[in-house]
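You will see subunit A twice below: alongside subunit B first, and alongside subunit C after that.
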Partner chain A sequence: MFISDIRKEFYEVVANQRVALLVSSDIDALCACKILQALFHCDQVQYTLVPVTGWQDLGTAFLEHKEQFRYFVLINCGANVDLLEMLQPDDDSIFFICDTHRPVDVVNVYNDTQIKLLIKQDDDLGVPSYDDIFRDEEDEGDDSGNESDGGSEPSGKRRRFDEGAVERRIERQRERREWEARRREILFDYEQYEYHGTSAAMMFFELAWVLTKDTKDMLWWAIIGLTDQWVHDKITHMKYVTDIATMQRHVSRHNHRNEDEENSLSIDCMRISFEYDLRLTLYQHWTLYESICNSCYTSCSFKLWTLNGQKKLQEFLADMGLPLKQVRQKFNSMDMTIKENLRDVIEESSNKYGMKDIRIQTFGVHFGFKNRFLASDMVHATAALLESTEKDESDSDNFIKALDSLSRSNLDRLHSGIELAKKKLIAIQQTVASCICTNLILSQGPFLYCYLMEGTPDVKLFSKPMALTLLCKYLLKAFVHSTRNKRCKLLPLIMAAPKDVEKGTVIVVGIPPESETSDKKNFFGRAFEKASESTSSRTLHDNFDTSIIELKTEDRSKFLDALITLLS
Partner chain B sequence: MDPSEVEFLAEKETVKIIPNFSLDKIYLIGGDLGPFNPGLPVDVPVWLALNLKQRQKCRIVPPEWMDVEKLEEMRELERKENTFTPVPSPYYMELTKLLLNHASDNIPKADEIRTLVKDIWDTRIAKLRLSADSFISQQEAHATLDNLTLMEINTIRTFLLDSLNCMYKLRSNLQPGSSKGKFADY
Partner chain C sequence: MFCEKAIELIRELQRMSDGQLPAFNEDGLRQVLQEMEALYEQNQSDVNEAKSEGRAELIPSIKLRHCCLLRNQRCVTAYLYDRLLRIRALRWEYGSVLPPNIRFHMCAEELQWFGQYKKSLASFMRSLGGEEGLDITQDMKPPKSLYIEVRCLKDHGEFEIDDGTVILLKKNSQHFLPRWKCEQLIRQGVLEHVVS
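Up next, the complex of A and B:
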């Protein structure tokens, strides 16, 4: 069921209890977890934090902890599957689910006792109404009641009644069949497309606001959670802009509270500001040139994998009057005269080169004399830490490191995250360039397909779901810009990369087609399931995003063939 | 004594806070605290104030001496005098550090206050070192140490005591068996 008053029905219920937090491995979940942890620290609530990476992990974690905990809070996992059937909990376990995955499973919506959804009901959910899906079993009783009544009548009338009863029964059965067919159709439509809703971090920030315990740190984490959804292309542009407006109201409220006094605030205090900043990833922590080369937007617009593209980039820089020496220097050491009007200069020039949206609304934070970060910088840094492929580091170590990097006191961890993010972005751009230049993307009819061979440089980085999804999106954008085939521009993309060499598995990701007004709805989840069933391939649908699966390398070709037949 | 021990003792000082919750009077071993009513100022020890502030349950009111003009006057006075001037609070250094680290958003002009307190501290420590130096080199019998705080004494304690001990041993060894209290020149 949906919770209407998050303070009374969630926070006050768990405030005096021990809670288990099961948190999924993405940045939005990490930010939501930080906010909730801060609230718990204020009120000294005992909790246990368990990072989970997939359904199997969730099941194991639940089994381990079900004896000791009654209350479970699931962040960014659990809403899109019938949780009670999967976990088989005792009757007194209560689950609070705050998840951005849609569609929410109908059983979770209509269960009144054990599942509480921390989701806003007006979040364009489109849940089918109760009567369309669930039907009580009373009708059978009426039938037999009529028959028994008919039985007590004298035999003369019995046949008539029997016929009447039989007709009614046939009528009812037909009606039931129609209802079931309609129900299947409704459920199919409802569950066909997978998409994402409002950020979990924003939900928990609202909880903090309602409790009047919101601080600037929590506001910053909520902003990072929202920006993560935008960076990883999970929400539409409209939704992003609407949510930014909501956050902007909070930011001005906090800033107004502090600049109110005529005495200024200490430089160490955190200041969040609204920025209409450039879409160049990490440009303030890198050189401007590298940032332009490695950001998806600029790299695809210039087509930097071709020689022509490189020339255009040089022209672009010359047009703005930026000397190459300056542009190849670390951003912080660039001349002040250049840095002052940089954003406006770049915007003017990029309009000439066809890049109309080089600037995007976002937020930046600034504390101390040295530390300035944009929200997207933090998302990239934390994502790189979360999915770092160093040896001897388990998933939970990476989770804890990424969680730590979000606090203000762990700046060196954040800086190491930024360095890792730079390497990851360079690897992505090089892979995109090589895939396009060697025509590795094949059109398979209803979709495009690309397979990363085992020997590709940095292929280990792409064995992780978030990194591979990012690569996939950049590749599709680049392909759309570079191909002349009009039909191919509207196709979705499926990408496969080796995941585990010993076990011989590949990770397969499917993303929807690239378009200006895309609603980011992904149908590959159901498609993958059906294809795997029909060919009995050995697949593991472990990720919380159903469009990301693990598959045995040998079954790759028959799986693809099944997909092609399914989707044509 | 460790500086952290001195800071621990400093946390017993009282400071005014404005809570946002209500609680009846609490009876602790060290004394009674409260009652707490939202919006009404109450005096509590610093350790409780910091804990409540971190749990976002109160707002800390800076002590009266933590004001830019007053501290500027004290700094000028300290620089003029040769001896130690009276100090705003026996734990001014620790309180400044604790309050500015945890509650700088409640204290106006926090950066300037930090600089001023550091200036006062530096001046006093310089005087202390000069005084200790002349005390040892000229073997004076006594020195004036009023208005020194525990933290300042703590910085010089080990050095002064050890060096005086050393010198006493040296002097008493120069004349073995001679009567105590006779200072020989060297």
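Up next, the complex of A and C:
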């Protein structure tokens, strides 16, 4: 069931209890977890935090902890399947689920006792009404009762009753068949598309605000959670702008307290500010030139994998009057005169080159003399740490490192994350360039398909779901910009990359078609399930996002064929 | 040269200046004691000779040997005393059960001394704070909060806390637990205090 008052129905229930936190491995979940941990520290609620990477992990973690805990909080996992059937908990276990995955499974919505959803009821849900899906079984009982009563009547009347009863029964069965057909249709429509709702970090920040225990750190984490949804293309642009406006109100509320002229804050205090900043990834921690070359938006608009594109870039820089020597220097060492109006100068010039939205609304944080970060910088750094492919580092080690990097006291971890993120971005751009230049993207009819061979440089980076999804989106954008085929521009993209060489599996990701007004709804989850069933391929649907699966390399071709027939 | 072996003992302790206990250097100690015995024998014979034959030129060498004996004695007692101080600190750091690799470094007498120290500390603690006694080896620095956040560094299995609830300590899980229960495990290296 949906919770209406998050303070009374969630926080006050768990405040005196011990809680198990099961947290999924994405940045929004990490931020939400930090906010909740800070609240629990305030009120000394004992908890245990367990990172989970997929459904199997969730199952094992639950089994290990179900004896000791009654209350479970699931962050960014668990809403889109029938949780009670999957975990088979005892009757007194209670689950609080704060998940951005939609659609929320109908059993989770209508269960009143064990599942509490920390989701706003109007958060773009469209849940079918109860009567359309669940039906009481009492009608059957009445029917048979009538028949047995009819049997004790004398024979003449009995025949009349029997006929009436039989007719009624046929009528009822027909009605039931119709109802079931309607139910299947409603459920199919409801569960067909997968998308994302409001950030979990923002939900917990709102909880903190309602308790008036919100701090600037929590606000910053909520902003990072929201920016993660935007960077990884999980929400529409409209939703992002609306949520930014909500966050902006909180930011001004926090900043308003410190506007006093007499006691201005020390430079070491944390300041969050609204920025209408450039869409160049990590540009303040890199050189401007590298940032332009490796940001998806600019790279695709200029088509930097072609010679023409490189020339246009040089023209662009010359147009702005930025000398190459300056632009190839680290951003912090650029001349002050250039840095001052950089944003306006770039915006003007980029309008000439067809890049109308080079600037995006976002937030930046500033503490100490040296430390300035934009929200998207933090998202990229933490994502790179979370999915780092160093040897001997398990997923939970990476989770802990990424969680640490979000605290302000672990700046060296954050900087190492930024370096990893730079490497990842360069790898993505090079892979995109090589895929486009060697025409690795094939049109299979209803979708585009690309397979990364095993020997591709940096292919290990792309065995992780978030990195592969990012590569997928950049590749689709680049393809749309470079192809002349009008029909191909509207197709979705499926990408496969080797995941585990020893086990012989590949990771397959599907993303919706690229468009300005895309509503980011992804139908590949159901499609993959059906294709896998029909060809009995060996697949593992372990990720919380149903559009990311693991597949045995040998079954790749028959799986694809099944998908083609399914989707055409 | 005389007294060099005694200095070796002292240097050994100085190398481990952070309070670690090196192995009990029984050989070194025995050599120093043998040297002292040899010096003493020589001195005895020289003193007898000086007294009986009136040879005053032996007196400086007697004095020298005497000084060496005293120096050896000082060095040996310093060595033994410093080791005892370190062992005493171990009780405060590790608790009443020492890890086996440290016990290996102590000689039998030191172990006995440690046992007696434990006993007198325990009876002192019992005499404080009314009926139950007060464990003064906990909370060496004033704690900032009742509960601390800890991260598990290795799989430790199940762990029971005061109100009977059991927690599963699995690698890389984080917990928010009462401070006093965690201190032992933090010292053992199973948990790590997370400062955010």
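We adopt the following convention: the second predicted complex is superposed on the first by the 566 of 568 C-alpha atoms of A that agree within 3 Å, B and C clash if a C-alpha of one lies under 4 Å from a C-alpha of the other, contacts with A are read in each partner's own complex, and residues count from 1 in each chain.
As a working rule, a residue touches a chain if its C-beta (ideal position, glycine included) is under 8 Å from a C-beta of that chain, and two chains touch if they have at least 3 such contacts.
These numbers were taken from a predicted model, which means no experiment stands behind them.
With the two structures overlaid on subunit A, would subunit B and subunit C clash, or do they fit side by side?
fit
Give one of first, second, both or neither to describe whether A:Ser396 is in contact with subunit B, with subunit C, with both, or with none.
second
Between subunit B (first) and subunit C (second), which, if any, makes contact with A:Ile267: first, second, both or neither?
Only subunit B; A:Ile267 stays clear of subunit C.
Looking at subunit A, which partner touches more of its residues: subunit C or subunit B?
When the residues of subunit A touched by each partner are counted, C comes out ahead.
Based on the superposed arrangement, let me know which partner A:Ser4 touches: subunit B (first), subunit C (second), both, or neither?
neither
Please work out whether A:Pro51 is in contact with subunit B alone, subunit C alone, both, or neither, and reply first, second, both or neither.
second
Could you look at A:Thr438 and tell me whether it touches subunit B, subunit C, both or neither (first, second, both, neither)?
The answer is neither, since A:Thr438 touches no partner chain.
Please work out whether A:Asp43 is in contact with subunit B alone, subunit C alone, both, or neither, and reply first, second, both or neither.
After superposing on A, A:Asp43 lies in contact with subunit B but is clear of subunit C.
Determine, under the contact definition given at the top, whether A:Ser129 touches first (subunit B), second (subunit C), both, or neither.
Neither: A:Ser129 stays clear of subunit B and subunit C.
Using only CA atoms and the superposition described at the top, report the least gap between subunit B and subunit C in Å.
6
Under the contact definition given at the top, report the residues of subunit A touching subunit B in one complex and subunit C in the other.
Residues 41, 44 of subunit A touch both subunit B and subunit C.
Which residues of subunit C touch subunit A once you look at their complex with the stated criterion?
Per the stated touch rule, the residues are 145-147, 149, 151, 165-168, 170-178, 195-196.
Which bits of subunit A are touching subunit B when the two form their complex?
Touching subunit B: residues 41-44, 212-213, 215, 258, 261, 263-269 of subunit A.
Using the touch definition up top, name the residues of subunit B that touch subunit A in the complex.
20, 55-57, 100, 104-105, 107-111
Across the complex, what residues on subunit A touch subunit C?
That would be residues 18, 37, 40-41, 44-51, 64-65, 67-68, 394, 396-397, 399-400, 407, 409 of subunit A.
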